[in-house]
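Presented sequentially are two complexes of subunit A, the first with subunit B as partner and the second with subunit C.
Our next item is the complex of A and B:
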C-alpha cells in the first residue's frame, strides 16, 4: 500500500512551519546564555536597536505579564514543582538558556541584532556532575526549590535483601547511559500572530507532536482561555519526542507577536536545537542481579540517577527517563524480588525530556549488560540464561503490578538467535580470532508499554490520564471525514487511519480524509508519542466509525426492507446477504441520513452521520528482541555492525510497511545511541556538541541492511489486538550492540561502562587491558 | 527581503525557468530559493553543510544550498525538487521512493532525491555499497535508510530494464 501523504512530500509541496508566512511578518532570534550558570547583571540592547531593520529587543521585563511556565511532572506528591519565566529574568541556568529576543525585518537582521545585544554576566559556580548535585553541600541550580533533586523515589517488591543474601552469584555493574537527543532534521519552529478580536486571540503555527496539549499548557501562561489560542501543526519534519515538550519559545513568540503588533516567525537553528531543546537518556545506573547456582535469577536491584539538566521539562519531567528505567526493571524475566531507586538531580545543562525510547533505553542497557556479565561469570550461554528465566507467553502481572497483555518473549529471542545463525556464529567467531579478527554477538530482548493510556501510565508510575477521541462523519455524498487529536510527523497517519476507517465502514480508502494538526478543526487528543497512536487511533476510530456504521446499516435495512443483521456494507455499497441484486450505494444512504426527514430513526434525526468517541485502553505491551553481530578493529577501536536482526511483536499489525519503517528507523537511532551520539559538556558546563560535526548521526554507511522479523501476538486487551510501535528498535538495539562488542573483546576481558562506545573509548579500554596483561607477563 | 549590507539582483535558471530576485550578498542559496523565489521544497536542516537536506543540483552537480551564496550561482542552472515531477506525475525516482517507503516525515527527502538523481546520472548501475557511499552525505532520522537504499536500487533497476527493452 502506498502512503497517502507521499506525493506532496516527494514533490516538495509539503507545508512545514518554515514554509508558513504572513504579510508583514517579522523574524525572531534569541539571545542565549553562553554560560552554564550566571547571573544576568544587565542587558544593553542599544547597539542592536541601532541596526536598520531591527525593531525591538525584548527581555524578561517586557514579558513580565506572562504567567510562569510550571512543571508539575506526573501527578505525584513526591515530585518537586518547578516554575520558570519563559525568558530568564535574573539567572541563566545552562548554555543556551534564552534571556532576550530580537525582532527584525529578516532572519539575517534578527541574527545581526542578536549578536549586538550586550549582556553583562556574573558567572556562578556550575553544577555539572549529577552525583555531586545530590550532595548536601552542592550549589543549587534553582534556589527557589531548596534542593537539586526533582524527585527521589524507591519501590520494591518481594524480599530483595533475602534473595541477595541467599544468592550463589551476585553480579553488580555500573553503567553510564550517554546524553543524546532526537535531533530531527527539521528543528523546532513557531509562527504566531495576535489578532485583536474576540478579546484578543493567538493563531500559532508550531512544529509540535501534540497541538491540543500545547494549547492547554501555553494558554494560561499567555493569560487567555484555551479557546482563544489556535495551534496549527502543519507537516512536521520529524519529532521523536523532542516536539512533545512545551518550550519557552512556544510562549515567547506569541507574546512578542502581541507586543510588536506583527506576526513573528522563529525557526530554530541547529545549535539551538542541540543546546536548548531537550536532551535524553543521560543516566548513571547501577544494576545488581542475584542468581542461584542453576542460573535462576532471583532478584534485580537498580539505581537510576538522571542528569536532569536545569529545568524539569513540561509536561513529562525528568521522570520520563528515571522512573521508567526503574519501574519496568523485571522486563520479560520471571524475577519476583525487584527494587529500584531513582534520583533526578538538576544540573546546569539542557533539560531532559521525552525522546524516543526514553528511560527504557538506559534501563535496558543496565539490565541486559548485567545479564551478559552474569552469564560470563557463571560460564553459561547468554541466550540460554535468558530463556531459562523468561516469563511465559500468557497474560502476566509483574512484581510491580504491570499486567502484560500476552507476548512472544521467548519466541522472539529464539527467532533473533536463529536469524544470526548463533551456533554457526560461535564457530566463525573462533576461526576469526585465529586470524586476529574480533567478532561478537549480543542479544537484547525487551518489553515496552506502547498504547500509552491511563492504565499503562498509572502502571508505569506516571499517573496522568491519557486518552484520545476521534470524530467520524459520513458526508452527504458518502465520503468520510475523520478528525483526531493525534498528530503525524512521519508515521503516516493519513494512510493507516484512513485504512482502518475504510475497513470499519466498508468504503474505499481514497474516500476517507484524515484531519489532524489543528486545534480548531480536530477533536481533542493527547498527541502522538510513546508508540501510542496505533492503539489509540484505531480504538477511537473503531468506536466512532462503528456507531456511524450502525446508523448506515439501519438506514440501508429500511431502504432495502431487510433486517439490519442481514446488511453487509462493502466497497461503498450496502447489500442484503444472499440477495445480490438488493443493494443501495453509500451515497444514497448518506443522503437519506441527512435529508430523509422523519422517515429516519430518531437518533439519526438528532445526530446525523457524525459520531465522536473516545478510547482509553487497558495496558498494552509490545515485545521483541534485537541481536547484533559486530566486528571490532582492535587497532583503531572501530566497531562495524555486520548484522543487526530484530524481531518485533507489536500485536496485530495494521500496516506492515509502516511498522517495518518504524522498526528500522528506531534501530538506526539505537545504533547512534550505542556508537555515535553524545552531547558533551566540559567540566565548567560549556556545551561542545552544538553542530552535526560533533554530534554524529548514523548515516547510510553506519546502518547496515537490517534483518527484520515479525511475530503477531494479539493484545488481550486492546481494540483489534493492536499494540503499537515506534520506539522498539531504539530500546533494544543499544544493549544488543554493547553486548556484542563486549563479546567480541572477551579475550581482552574489558568492561564497557558507558555509551556511546566510541573508537576512542574502546582504545582506552584496550590499552588498559594490554597494560594489565603486560604487567602479568612481567610478573 | 530587507537588507543591511546592500542588495544585488540575482538571476538564475531554476528548473529550466529564468528567475530573478534581489538578494544580499550574504544570502544563502537555500534562503534565496525558499524565501526569495518561494520554492519551499528545498529544506534546511543544519546550515552547517552536514545533513544534506538542502542539496540541490547546480549545473548538474549536487551541492549544499546552505553553503552556497545566491550570488555565486548567478546565471547557473539550478534544479530543485519542484522540477522533478512533470505535469503532476512523479518522476521514476520519486515514485521509487514512494513504492519502497523511502520517506517518512519527508523533510530530508528533497535532498535525497537530488543526490539520487546525480548518482544515477554518474553511475546508472550502482551496487548497494556504492549507493550507500554516495548517499552518506545525506542524513535521514526516520527511515534507517532501508527504504531509501531499496528505492535507489529499484529506480536503477527499472531504468536498466527499460533501456534493455527499448
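Our next item is the complex of A and C:
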C-alpha cells in the first residue's frame, strides 16, 4: 500500500506555511538575546526604522495588551506555574530569547533592521549547571517563581530500601543523557492576518502538530474567544514533537499583524530553530539496581534531573522528560520494588519540550546501561539476565499502576538476539579482538506508552484529559469525507485513516478524503504526538464510520427487502448475503439517505449520513527490542554501526510500509542521539550548536541497512487491537548502541556515562583506561 | 538566513573581472557559491559586491594532455566524473569524493575550494602533495604561485584582493604511490583530521620521495616534514615506518582546538590516519600508465 500523499510531496507540490502569501504581507525578524541571562536596559530601534522598507519595530511594551503565556504543566498541584511575556520585557533568559520583532517589506529588509536594533544589556550571572541550579544559593532564572525547580516529585512502590539492604549485588550508575532536538527540515513558521471586524479575528497559518490545542492556548493570550481564531496547519515538513509546543512567536506574529494592519509572515531560520525552539532529553540520571545472587533483579531506584531550560514549555512542561523517565522505570521487567525522584531545575538555556521519545529515552538509557553493568559485574549474559527478569506476555500491572495491554516482551528480545546471530557473534568478536578489532553488541528491550489519551496520560503521571473526535460523512454520491483533529506532518494519515474508513464502510480507499489541519473545517482533536494517532484515529473513525455504516445497512436492507443482518457492504456495493444478484450500489443508498423522504428511518431523516464520535481509549503500550552491533576504532574513537536490528510489536499493523518507515526513521533519530546530536552551551551559557555544521544529525551514510522484524500482539484494550509506533526506535536504539560500544570496549573496562558518544569522548575514556592499565603494570 | 544587501557583477572575461575586483574594494568572487553563500546567508560575510565569474568562457575545463590543467571554475562533480583523472590522478578523485555531497559538488568549483582556503579543505592538501601550481591574474598581469606558497592561514591565501585564481596545474605523477584519508564524524563533513600522501620508491622498494600533507589540523594545510623525513629511506609499506610517520606527523605544528574537538584528539586522529594512509599508499597501484 503506497502512501497517497507521497506523489504530492515528492513532486514538490506540497503547500507549506512558507508557500502562503497575502497581498501586502510583511515579513518579520526577531531580535534575540545573545546573552544567556541579561537585563534589558533599553531598546533603541531608531537605526532600524531608518532603513527604507522597515515599517515597525515592536518590543514587549507594544504588546503589553497581550495576556501572559502561562505554563501550568500537566495539571498537578506540585508543578510550579510559570508565566512569561511573549517578548522578554525586562530580562532575557537564554541565548535566542526573543526581545523585539522587526516588520519589513521583505525578509531581507527585516533582517537588515534586526541587525540595527540596538539593545543595551546588563549581563546577569547565568545558571548553566542543572545540579547547581538546585542549590539554595543558586541565582534564580525566574525571580517571580522564587525557585529554580519547576517540580520535585518522588514516588515509590514496594519496599525499595529493604530490597537494597537484602541485595547480593548493587549496581549504581550515573548517566547524562545529552541535549538534542528535532531539527525538522521545515522549521517553525507563522503567517497571520487580522480582520478588524466583529471584535477582531485572527487567521493564522502555522507549522504545528496540534491546530486545535494551539488555538485553545493562544486565543486567551490574544484576548479573543477561540471562535475568533482560525489555525490552519497546511503540509508540515517534519515536526517530531517540536511543533506540539506553543511558542512566543505563535502569539507575537498575530499580535503584530494586528498592530501593523498587514498580514505578517515569519519563517524560522536554522539558528532560531536550534537556539529557540525546544530542546530535549538533557537529563542527569542516577540509576541503581538491587539483585540477588541468582540474577533476580529486586529493586530499581532512579533519580532524574531534567536540565529544563529557561521556561516551562507549554503545554507539556519539562516533566515530559523527567516524569516519564521515572514513572515507567520498571519497563518490561518484573521488578516490584521501584522508586524514583525527579527534579526540573530551570537554567539559562532553551526550554525542554516534547521531542520524539521524550524522557523515555534517558530513562531507557539509564536502566539498560545499568542492567548491562549488572550483567558484567555478575558475570552473567546480558540477554539471559534480561530474559530471567522479564514480565510475561499477558496483561500486566506495573508497581506504579500502569496496566500493559499484553505484549511480546521476551519474544521481541529473543528475536532481536537471533537477528544478530548472537552466539555466532560472540565467536566473531573474540576472533576480531585477536586482530585488534573491537566489535560489540548491545540490546535494548523497551515498552512504549502509545495512543496517549486520558487514561494513559494519567498512568504516566501527566494527568491531562484528552478529547479526540472524528466526523465521517457519506456524501450524496457515496464518496466519503472524514475530518479529524489529528494532524499529519509526515505520518501518512491521508493513507492510513482513509484505509481504516474504507475498510469500515466497504468502499474503495480513493473515494475517501481525509480533512485535517484546519480548525474551521476539522472537528476538535488534541493533535498528533505521543504515538497516538493510529490508536485515536482508528478508534474515532471506527466509531463514527460504524454509526454511518449501520445507517447505510438499514437503508440497503429496506431497498433490498432484506434483514439488515443479512447485508454486506463491500466494494461500494450492498449485497444480500448468499443472494449475489440482489445488490444496490452505495451511490444509490447515499442518495436515498439524503432524499428518501419519510421512507427513511427517523434517525436518518434527522442525522443524514454524518456521524461524529469521540474516542478515549484505555492504556495501550507497544513494545519491542533494538539490537546493535558496532565496531569501535580505538585509535580514533569512531563508531561504525555494523548492524541495527529492531523488533517492533505495535499490535495490529494498519499499514506495514508506514510502520516500517516510522521504525526506521525513529532508529535514525536514535542513532543521532547516541552518537552525533549535541546542543552545546559554553560554561557562560553561550550557545555553540546553532548550525548544522556543529549540530550533526545522521544522514543516509550514518544509518546502516536496518534489520526490521515485526510481532503482532493485538492490544487487549484499544479498538482493533492497534497500538502506536512513532517513537519506538528512538527510545530503544540509543541504549542498544551505548551497550554495544561498552561491550566492544570491555577489554578496556571503560564506563560510558553520557550521550552522545563522540570520538573525542571515547578517546578520553580510552586514554584514561590506558593510563590505569599502565599504572597497574607499573605497580 | 537572508544575506545583507550587495551589488552583483557578472563579467564575461578575466580582465573584466579583475577590473571589477580592482574598482570595488569590498568585493568577493562568486564561483560555485557553496561556501560563500551560506556565510552570507548567516551574515558572517557581508561583501559589498559579488563578482560572479561562473559565465567567463574558458575559465572552466579539464585538460589532461601531459600534466593536468583545471580551469578554476571547473565543477567538482566534473572532476569527480572524469575518467582520465581517475586513472592518472586517482588521489584527486578519491579526495573529491569527500568534498561535500553530490548536490554541493554539482555547483562547487575546484578553484573555489582552493581559493576559499578553509583549513579543513581536502583539495588544498592534495594540491600540496601533488606539487600543484596556480595560475593567478591581476591588474599587473599573470603569475604562477606554487601550492606550497599559496595557503597562508584561515581563509587567507597569497591572492591579492584584485587577483583571480584562473587555473590549477598539476604535473604528471606517473610512478608515485598515493593515499588519502580523513577522520570525519559523518561522510562529507568537515574532517577532524585528514591527510593526503604521495610517495615514490626506487627499484629496491625504498622510499625516495615522500610528501605528506595534513588538513583540518591547523590554520592552514601543512606539509609534515617530520613524517616525510621518517619515511624517506624506509621500505615502502613498512608498517613500523608508517607508525613512526604518524607519531611525528604533527611535530612542530600548532594544532587547532575548539569547543568540540581538542588539539589532543586531533593529534591522535592525525597520527592514526597518517599511519593508515601511508600503509595503504604502498598498495595503491602507481599512477599513470606505466604500471598498467
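Here is the rule we go by: the second predicted complex is superposed on the first by the 779 of 779 C-alpha atoms of A that agree within 3 Å, B and C clash if a C-alpha of one lies under 4 Å from a C-alpha of the other, contacts with A are read in each partner's own complex, and residues count from 1 in each chain.
Definition applied: a contact is a pair of C-beta atoms (placed from the backbone, for glycine too) under 8 Å apart; a residue touches a chain by one contact, two chains touch by 3 or more.
Everything quoted here is computed from the prediction, not taken from an experiment.
Q: Given the touch rule stated above, what does A:108 touch, subunit B (first), subunit C (second), both, or neither?
A: both
Q: Once the structures are superposed on A, label A:165 by its partner contacts, choosing first (subunit B), second (subunit C), both or neither.
A: So A:165 meets neither subunit B nor subunit C here.
Q: Between subunit B (first) and subunit C (second), which, if any, makes contact with A:691: first, second, both or neither?
A: After superposition on chain A, A:691 lies in contact with both partners, subunit B and subunit C.
Q: Given the touch rule stated above, what does A:664 touch, subunit B (first), subunit C (second), both, or neither?
A: first
Q: Which partner chains sit in contact with A:237 here, subunit B, subunit C, both or neither? Use first/second/both/neither.
A: first
Q: Applying the document's definition of touch, where does A:699 land relative to subunit B and subunit C: first, second, both, or neither?
A: both
Q: Under the stated touch criterion, which partner chain does A:269 make contact with: subunit B (first), subunit C (second), both, or neither?
A: both
Q: Just subunit B (first), just subunit C (second), both, or neither: which does A:18 touch?
A: first
Q: Which residues of subunit A are in contact with subunit B in one complex and with subunit C in the other?
A: Comparing the two interfaces on subunit A, one with subunit B and one with subunit C, the shared residues are 107-108, 112, 269-270, 691, 693, 698-699, 701.
Q: Show me the residue ranges of subunit A that touch subunit B in the complex, using the header's touch definition.
A: Residues 2-3, 5-7, 9-16, 18-19, 51-53, 104-109, 112, 182-187, 235-240, 269-270, 489-492, 657-658, 660-661, 664-669, 691-693, 697-701, 703, 705-706, 708, 729 of subunit A touch subunit B in their complex.
Q: Would you mind writing out the residues of subunit B in touch with subunit A in their complex?
A: Those residues of subunit B that touch subunit A are 1-4, 24, 26-27, 31, 34, 39-48, 50-51, 53, 80-82, 84-85, 90, 94, 97-99, 101, 103-110, 113, 128, 131-133, 135-149.
Q: Which bits of subunit C are touching subunit A when the two form their complex?
A: Counting only subunit C, the residues touching subunit A are 1-5, 42-43, 183, 185-190, 192, 259-262, 264-265, 268-269, 271-273.
Q: Please output the residues of subunit A touching subunit C within their complex, sorted ascending.
A: Against subunit C, the touching part of subunit A is residues 107-108, 110-112, 115, 269-271, 633, 635-638, 675-676, 680, 682, 688, 691, 693-694, 696, 698-699, 701-702, 758-760, 763.
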